[in-house]
Every structure is written in C-alpha cells, then in structure tokens.
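Presented sequentially are two complexes of chain A, the first with chain B as partner and the second with chain C.
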Partner chain A sequence: MSKIKFQRKFLAIPYGIFLVLFVIIPMVLIVVYAFSNTDPVTNKTTFSFDNLTTFFSNSYNLHTFLISLAIGLGNTLICLIIGYPIAYILAKKEYKFNYIIVLLFIMPMWINFVLRTAATRDLLFAMGLSGGEHPYISTMIGMVYNYLPFTILPLYTTMLKMDKSLIEASMDLGANKVQTFTKTIIPMTLPGIISASSMVFMPTMSSYVISDVMGERQISLIGNIIQLYFDQGLWNLGSFVALILLVIILGFMIATRNMEKEDNVRGGLW
Partner chain B sequence: MKNSNKIIELKNICKEYDGVLAVDNFNLYVKKGEFVTFLGPSGCGKTTTLRMIAGFEMPTSGVILLNGEDISKLPPYERPVNTVFQRYALFTHMDVYDNIAFGLKLKKIKYTYVDKKGVTKEKYRKYTNEEIDEKVRKALKIVDLEEFEYRDVATLSGGQQQRIAIARAIVNEPQILLLDEPLGALDLKMRKEMQEELKAMHKKLGITFIYVTHDQEEALTMSDTIVVMKDGMIQQIGTPEDIYNEPKNAFVADFIGESNIYSATMVGDKMVRFINHNFVCVDEFELHEKVDVVIRPEDIILGNENEGMVNGKLISKTFKGVHYEYVMMVGRNEVVIQTTDNFEINKIASISIDPFNIHIMKKEFTVNKYSDAWIDKNNNVVISEEPFECDITQLVPGSHVDEEGYVVDQHGIKYDFTDADVIAEISLKDIEVIDNEEDGIVSGEIVSIIYKGDHYQIIVRTEEDEDFVIDTEYTWNEFDKVSVKVDPKKIKLTLKAEVKEYVKD
Partner chain C sequence: MVKKIFAKGFIYLMLLLMYAPIILLIIFSFVEFDHIDFRQLVSGENINFNLYKELFTGEDGETVVQAFKNTLLVAVVSAMVSTILGTFAAIGMYYSGKKMRKAYEIGGQIPILNPEIITALSLTILFVFVGIQFNFITLLIGHVVLTIPFVVLSILPKLKQMDNNIYEAALDLGAKPSKALTKIIIPQIMPGILSGFILAVTLSLDDYIITAFTRNNSFVTLSTYVYGVTSKRGAIPPTLRALTTIIVVVTLIVLLIINFTSGKKPMKKRGTRV
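Then we have the complex of A and B:
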C-alpha cells in the first residue's frame, strides 16, 4: 500500500512548475542579462553596469522613456475619467439595459487586435485626423479605445461590492454630492481604481503595435526600444530596458499596497 | 413661531412606487424630546417613512414640517437630522475617529464678530481640530468606547460597530435621531443591553428619537409613543400601555403581544357573546353588531371545574419560565391562558374574565367588497382581472338570460350589461382557499393570518393587489401561494349606474 495519500495541495504542483518555468526563471534571466555583458570575440560573459550607462547616456532612449511615461499616465487618466462614470452607471441596478452597454464595450474585443487598430486608424483618417500629421492624438485615441474595457471591468466589480448605504450615510452626515463623491465614493472604489490603473499603465508603456499603427511609426515607446534591441541581437541591453519596466511595476505595487486596504486573502502556493 | 413643541410634523404623506402606495396618507406629529417608534411587519412602510424624514426619499405628496418649516424638498445633507443605519454603514476606509469626525469636518458653524468699524457681522467657519477632538471623545464616552479612536472599523464586533454608528450620528447634535432597525443584526442578549443603553442615552441627550422596528417587545420597552403601521397606513398611535391594553383593531392586537381574538356579537347592553357564552363587558356597542373581541392570555383567570364562567378542557400546557401557558378547548374554540398556577391537563377546568379585560373592537371585515368589478361580454363578472361566472339576473328582479346573452325581464325588456361597472360583494365564508395555484380562479399570496378562536381569518392578495379576506378552519402559512375559488352564485352584485341605462333597444 502506498503511504502517500492524496492531498489537496498536490493540485498546486502543475501551477508551481509552471510558475518556476515561465515566471521565476525568466525573471532571473532578465536580471542576469541586464547586468552582464558578453564579449563578442571571446564569448565570455562578465558582470557589468555597461547596459545601465549605455541606456541612460543615450538621449534618444531617455526621450522615448519620458514619452512612454507620459503616454502611459495620460492613457490611464483618460481611461479612468471615461471609464469611472460608465462603471458607476453599470453598477447601478436600476438601469435596465446594462447588459447592452456591457456588450457594446466587450464586442470590439472580439475582433482581432491588429485589424481593429488599423481600422481605427483608417476611420480617423476618413474623419480627417491623419496619424501622420497628429501622431500623438491618434495614438492616444487608439490607446484609450483599446484599454477602456480593462479600466471598466475592475472598477465595475468594486462598485458592485460597494454598500450603497454608505453614500446615504455620507449625505446624512452633511456631505453634499461633490463631497460625497470625493470623500466617500472615490476612497471606497480606490482598490478598483488602483487595479484599473495597473492594468492600463504598464501595458500602455510597453506596447508598440498601437503607437506604430496609429502614429504611423512616428512615435517610439519603450516597447519599440526593446523590440529594436532584440531584433539586433542586443539581448543584454534589451533585458535592461525590460528590467526598468519591472522596477516601475514593483514600485507601483509597493506604493499602492498600503492604499489598498481590502483584505484580499492571498495564501501562499501551498 | 407656533407655540407648540412639535418638532416634526408629517402631513398627508403619500409615497408611491410604480403605482403602488407604500405609504398612504400618513399624518403624525412628534413632540420635542419624544421617543417615537414606527412598528409594523416588513413592507408596512415604516422604513420608507423614516427615509422620507431623512431625505433619502421624496414623498409623492404631502409635506414634512420641521419646527414649522417645510423640509420635504431639502436634500439629506441640509436637514438637521442624522440616521443610524440598519447595517451600520460605517466607512471602512477610515478608522473609528475619522468615522465619527466625518460630519464635524464638513459642518460650517455660524459665529459673530465685530469688525473694525464696530459693526457686528456674521460669518461661517469650520470647527477647529481641537473642537472636533473634544466632540469625538465626548461621543465615544457616551457610547462607552473611549479607547477605540484609532481602531480599524473592520476589527470591531457588531455591537461595537453599532455604537460607533450611534456616536457618528449623535456627535453632530441632530435635532432628531433616526434609527432604522439598529439592533436587528445583534444577538438577543446584546440587543437587550443596547435597548437599555439607547433608552438611557435618549434621556441623557434629550434628542428626539424616531425608531423603526418590527420587534413589538423592543417597541414596548423603549418608546414613549408607538405608531403601529400596516400596508402603509397607520393603524394606531398611542403609548405602549394604550397599544397593548386598548388595541384599535384585530391586527394591532395580534401584532402586539399574544392575544385571544374572537368574532363576537353584541347580545345586550354591555353584553357580548363569544365562545358560546355571554360575557359582561364595559364597552358599549350597538345591539347585534358583529365585533372582534381581544383577551390577553394573562388576563384570563383559570380555576377548577364550575368555579368560573365557562368550563373547558385543558389540552396543552407549556412551561414558559415565569408562567405556564395552557390551551383550553371551549366548544370548538381555543383559549390561550397564561398563569403561574399549576393545573393538570386533559381535565375540565373553568375560566373567568374580568369585564374590564374584555376588549371589544369594531369588526374590520364583514364582507369582501370589490367596487371596481365589471361585467364582460360573456356575462362574467371580472374581479382582479379574472372572470367569475355569476348570476347576473340578480341585477334585474325576475329576469332570465336569453340565448343571445341578454338579460330579459318579466316585461320582455332586454338589458345589455356588457362593460357595466358593478360592486361585487362576497362573504368571508363563501371563498375557498386551494393549495394548488392553478386550480382556483385567482391565485395570490397569503399576506396575513389572524386566529379567531375557532377559525382563521386570512388575507390572500392577488398579483393585481386585490385582497380576498377569507374565514377558514384550515391552517395556512404566511406567504403561501394559493388560489381562491368562489361559489359564483354567492357573489352579490350591485350596479353602479341606473339599471335603465343598460336597456337595449
């Protein structure tokens, strides 16, 4: 008779293996690549900060980095401004046609991403907004269009959970509509705002398809740089840029962890 | 200003949701410093009324006067009232201190100052941090949670959260404190404690309390005045003693405390007959009038056989702590008796009732009356959207229905009653309740059951909101889905218009 009894935690083994293979090892590799250099002649790999100095001494790279940051922040902000009221309306149960609105936002996601982006560009062109002439505006439109559903969904789920009597309590205690919004509704939906922001900000910075298509290759984002380096076989430099993104994500998560009071029960792997 | 000390007055308040009246012509005034309780079963409109006072709902019609001024159109944040919510509604993103300080930080207070020219002027300012601090600490002291300022609200127990919710409301020094079933989520022991504390707090603070509950005991314990509500209408307003001892109708009697309710007839001057016996009473009603009689179980004196007024057999005995509860069968009627004396069951015993303890009320329902019934083209009477095959020849004496469907009288005059508006009356005994929703003519839900000694009086409400009041011997449960069947020949019809208007030429 076998001594090993089936335990529920064994079900986590496939995920554990997956995690190590596709998340932990690649991350370690990125860090290793970012801080090493391979001599093309001797093929010897050594530890070095060359990538760091190379990246930050290049003004084009810095410029691209700042542009990416601006577009990322801008897109996040616009998505929140548009998505927040929509999510609020959706979460109110008294409107009968909520599912139609949800469908309207979900439906474009069923169409292939590249095709959709190209179609958006052509549509804007037909309306008189050429991506070549106004690369930033059309890139922003493309970004917002693409990431809006990702903003609405997390906001919608937090708003559904929000106790409506809190809004009444706030008004009861003397807060007018604006004060109720800023002092009660916004803080209560902060977890949703944070998760919506993280779902929009990072992908925006690292994507390059939308900016390439919409801006007709006049705008480079961080994603473009990584792609460029990898295409040229500069794995170490590319990894370093990827590491910068990783650090930003990490910083964002640490900064928001304290703000997010919601007690999400996240157990360990076992 | 009016000289009265009425702090709030509700005049002809109605509230409609999608055509259904939730609150129907509500009239009430509350005196300053009073503890008023709205009591009633769920869906009676008590919470809706409270929410209209708070400003979360606007009345469909009527006015709410606070100190003589109309506040019905004011938003909640401009009303000097505060609410304690059923589920506390504490802000989870703030600690205890910030929750209580929430209202204070928003408040603007008026102050006067003398400017450089020596003119006294009025200005508004916010509370200073020290003032807020002092008030928050005072409020925490009142609710007995002094060391909890910086605790996260999620770490508090239900009772503690409720105290914080109360502190958050009273810290604003409202003119009226509204409490919406605040103790509903607490366990029994905690609830009793909080009842006492709320009562003490009311005395100490001197604020007017308006309290909503479905718990009659809570209402009796705490209030100065109880407003009993049912179906959006006030049934009775009175002190706890009044409501308990002098219930106005069978509903109030049944809802407040335990009671024996019987259908009775006045058989003489201050003489009433029920459970097959004549009793002397103190209330005066017309001779032969059908009435409802209420006797509290503790007001019935149990004695040995032939010692009392009526004999009966004790069929059950339950120990209830302080007293025993007996059930006696007198003929086909059940009598519930509470006494500390010990009697043997399955033996004959007797009861006597002090005339003063026999409470007689006007009978609410003697007949079901449907004043918006009409006759369809098949000569059926339509009640609550359902056709009933009735005998429509009763509308014209000595008539019959011919093969074309017209009513023909003795003189051969034809009447066409299609679409005629009639009043239909059905006696309480002529309606049958059927378990299966499909088998009857109209289906509905049982919304009320009142036991009347030897039968139940139940109310079946249809989807069209029509009520059928039925006397039945069988037990049903509230919210049972049933259907009703009526013997069509027993439906009494009266035309609304003159009969000659329906003559067919």
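Then we have the complex of A and C:
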C-alpha cells in the first residue's frame, strides 16, 4: 500500500479536531443539558422542559433579564454616542499620529480588566461616588469605560475605508449637514456600527464582573444567574440560561446577515 | 481652526478619562496606605517606596507575585499552543477546498461571537460530563479556545498576500514538503504569526470569566485574586498598585521598542490590517 501523499490541507486537521472537541461538542451539550433533567435519586437523565418552566416562573430571573437588557442597550448606545465622534475624528487624515492615539485607546486592555474596573471604582469612590449608594450609575460608568475601546476600533476601521468624496458630493448636491450625516455617513459606517454593537451588547448583558465590582453586588445580570447556577452545580438550569443568550445571538446574526460586517474586530488590535 | 482644537480637545479629554484609573493606581503606588485616599496625598505622609519593597519581600506581595506568575504562565503557554496549532490550521485552511474552509471558519467564529461566559460554561459542562477534574490542562484548553480563532484570523490574510509559486519552485527543486513549509511558507507569514501570538497573550492576560470557570480553585491568577478581594467591597490590595505600575512601564517600553524597530512600514496599515 502506498503512503498517503502529504497535502498541505491536512495541516488543519488538528484544528478541526480541536474545534469539534472543545467548541462544537460543548455547544451541543448546552442544548442537551438545557432540555434534560437528571433525577438526583435514580441518577437517570430524561428529556424535559422543566428548566424552561423553572426559569420563566421565577420573577427574580425575569427581572434580572429585563435589567440586563436595559443595561446592555444603554451601554451600547452610550458607547456608540461617545465612540462615534472619536472614531470619526481619528479617521480623518489631517491629524498626525492618529494610529498611536488609536493604540492608546486600546492600551488599557493590557491591564487585566478586573483590576481596571476595581481601579475605576476606587477613583469614583475617592471622588465621592460610592458604588454602594449609586449602583446603577457606577455600573454604567464601569461598563462604558470597559467597552469603549471595542466600539472605537470597528468604527475606526470602517471610517478609514469610507469614500469621503461621497460626503462632498452630498454637500454639493444641496444636502445640509444633518442630511449628509443621516443619509450618507451613517449608511456608509453601518457595518462598523453593527460590529461595534455586537461587541458591546452581549458581553455587557452576560458579564457579571463589572456589575459585581462597581455596584458592590447590588445588581444582578444574566451572567450572575449563570455563575450562581455554576457555583451550585445546577448545570441544566445554567445551560438553559446560556441557551437563551445563544438564541439572542442567533437572532442578531440572522437580522444582520445581509449587511456587510467589519470582521475580525478584536483581531484588528494589532 | 476652532473646530480642530475642539476635536483634539475632545480626544485628549476622553483619553485622560480612560487612563484616569490607571494613573490613580500609579500615583498611589507611592503612598503606603491600605486604600486610595486623596487626603493622604495632600498631607504628604506615607509617601515612599514601601509598597514596592513589600511587593518583593512582604507576605501580601508574595501572593500577588505568585498570582502574576500564574497569569503569565497561562498566557504564554496557551498563546504558544494557540500559535502553533493556529499556524498549521491557517495554512491547512488556505489550501483546503471551499466547503472545508467554510466549515473551519464557522467553527472558529463560534468562540468569537459567543460571550465568554457561554464558552466558559460549555467547557465546564464538557469537563463535568466527561468527568475530568479541573486542573491546569482544563484551564489551558479554555484559554486556547478563547485565543486560537484570533491567531488563525491574524495569519490567513498573510497567506493570501504570499507568492504561491515559491513553494512550488522549492518542491520542483527537490525540497521535501516539510522543508518547503518551514523554509518558504512560515517565513513569509511570520508577521501574522507574531501578531497572532501577541494578540493571544493579550486576550489571555485580560481574561477573567474563562479562568474562573475552568481553573482548579487552588490556582490563583491576578484576575481571580482581584475579583475575590474587590467584589466583596474590599480595596485593591496595595501591593497590586506597585505591580500595575511596573506592568505599565514595561508595556510602554515594549511598545516603544516595537514602534522603533518595525521600520518604515506605514503605521495606518498595521493598525487596520492584521
């Protein structure tokens, strides 16, 4: 029998196996666990909708879910409002050293984000804003502080590629500044806006670290529920909550699938 | 002109805000006090280098330094695994058929799109399902899942820019495929491999959630240590302020070196394309 001839495409096989073992199978397990239950006495696993009813019949969970949605949307909006003009100014060619400034906006990432968040809390506290007394305000500040770089980067990359002559054309053809902004600039930067939103919204909803540290554990987000179930070893319920998040992500992807996205946003750091 | 000054002012103000907490840590690394208090700064008492001394000799410092070493260990080892596996993956994907490549791409997109907590929970369930005890290997797997898609994404564009004929020429001239690979392909995509590695280290250093879920609880990293203390309303351990200052200074030096040695490549291009 002849030896199988070396082909370069074989080099990806270990990666494929790795993805199946540690990405695909765990995802399948989440779905399986979300719709099954293990009897603690007989140790038998059966298909059931128990997790669904348990989750939705708990008003605390629903409350947490709504608060997470609100904080996620609020943070996405604030980050876009602050990040958009920053990216726009930086993407203009007329300033020197803009690349370095973009790097500077990202550099805080090299200090672990838990430490950064705790430092933000201490700064606010030293200035008189206590996380214990104003958990929502300080949590929002912590969120914006943490996710702003993720907003600026995709917006910046889209704006660099933007065809600036279209803006001039719009002005020449009689559109005023507001019209030019809403009809020309916003549509052209839509891919960046979508990527930025997807980088901010889900992580905000599902992370529990920032709200725990900034709000002194007075605010619960979806991440807190998952973490709580994790601590108690309630894998089935935890999986069900994760599945809800997965469905939201899937919905977002389907809703935006026809729009061109700015891919590799985190990879664009370097 | 006024508009320009306004725009610049806005950028610098935002930068200042972004860096304020870090600057705060740096300033108070020279103030020996258990929490951050501006009155200490005004009074001028306790301003000294004792926190740095404590970091390297004190009991509290020992925990912090150990946590830092653990963090670095995970970051470097997982980034190395990701880079090696990811480099082969990118080369293999580039030469795979359209369908296979798409399959790899979708698989790699999953950890990128998922919030970290889902990746963390799904891995935990896998380990529980199989019955593996949480240890250094499970933690490592978690970090490789987190970082490897980004390594692949850093390398693929470099492969597209590569001149394919050189590899064929090497084979025609009698080189074995393995030699052609290491002598021809790898050198051409080296910048992508390097940036992938640095990106992997960065993501791993910054991580908390995956670490918290997949580690053995006796293994303390910087992020788990800080979360443990500060989520219970505790102040940041003072020696950490000294450590942060050292990290910032080292990072700045590394950045400057990278900037000066990267030659005449146009800056903007590096920022937007990997």
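To be clear about the criterion, the second predicted complex is superposed on the first by the 244 of 270 C-alpha atoms of A that agree within 3 Å, B and C clash if a C-alpha of one lies under 4 Å from a C-alpha of the other, contacts with A are read in each partner's own complex, and residues count from 1 in each chain.
Here, a contact is a pair of C-beta atoms (placed from the backbone, for glycine too) under 8 Å apart; a residue touches a chain by one contact, two chains touch by 3 or more.
Bear in mind the structure is a predicted one, so any value in this text is a computation, not a measurement.
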If chain A is used to align the two complexes, do chain B and chain C fit next to each other or clash? fit
First (chain B), second (chain C), both or neither: which does A:163 touch? first
Give the label of whichever partner, chain B or chain C, reaches more residues of chain A. C
Is A:171 in contact with chain B, with chain C, with both, or with neither (first, second, both, neither)? first
Given the superposition on chain A, what is the angle at the CA centre of chain A with arms to the CA centres of chain B and chain C, as a multiple of 10 degrees? 80
By the touch definition at the top of the document, which applies to A:44: first (chain B), second (chain C), both, or neither? neither
Pick out the closest CA atoms of chain B and chain C after fitting on chain A and give their distance in Å. 14
Residue overlap on chain A between the chain B contact set and the chain C contact set? 263
Report the residues of chain C in contact with chain A in the complex, numbered from low to high. 4, 7-8, 10-11, 14-15, 17-22, 24-25, 35-38, 71, 85-86, 88-97, 100, 103-104, 107-108, 110-119, 121-126, 128-129, 141, 144-145, 148, 150, 152-154, 177-178, 181, 195, 198-199, 202-203, 205-206, 208-209, 213, 222-223, 226-227, 230-233, 235-236, 240, 244, 247-248, 251, 255, 259, 267-268, 270-274
Residue ranges of chain B in contact with chain A within the complex: 54-56, 75-77, 81-83, 85-87, 89-94, 102-103, 106-107, 154, 168-169, 172
Please output the residues of chain A touching chain B within their complex, sorted ascending. 163, 165-166, 168-176, 179-180, 183-184, 187-188, 190, 261, 263
Residues of chain A defined as touching chain C within the complex: 6-16, 18-20, 22-27, 29-30, 33, 82, 85-86, 89-90, 94-95, 98-105, 107-123, 125-126, 132, 145, 148-149, 156-157, 160, 198, 202-203, 205-209, 212-213, 216-217, 223, 226-227, 230, 235, 238-239, 242, 245-246, 249, 253, 263-264, 266-270
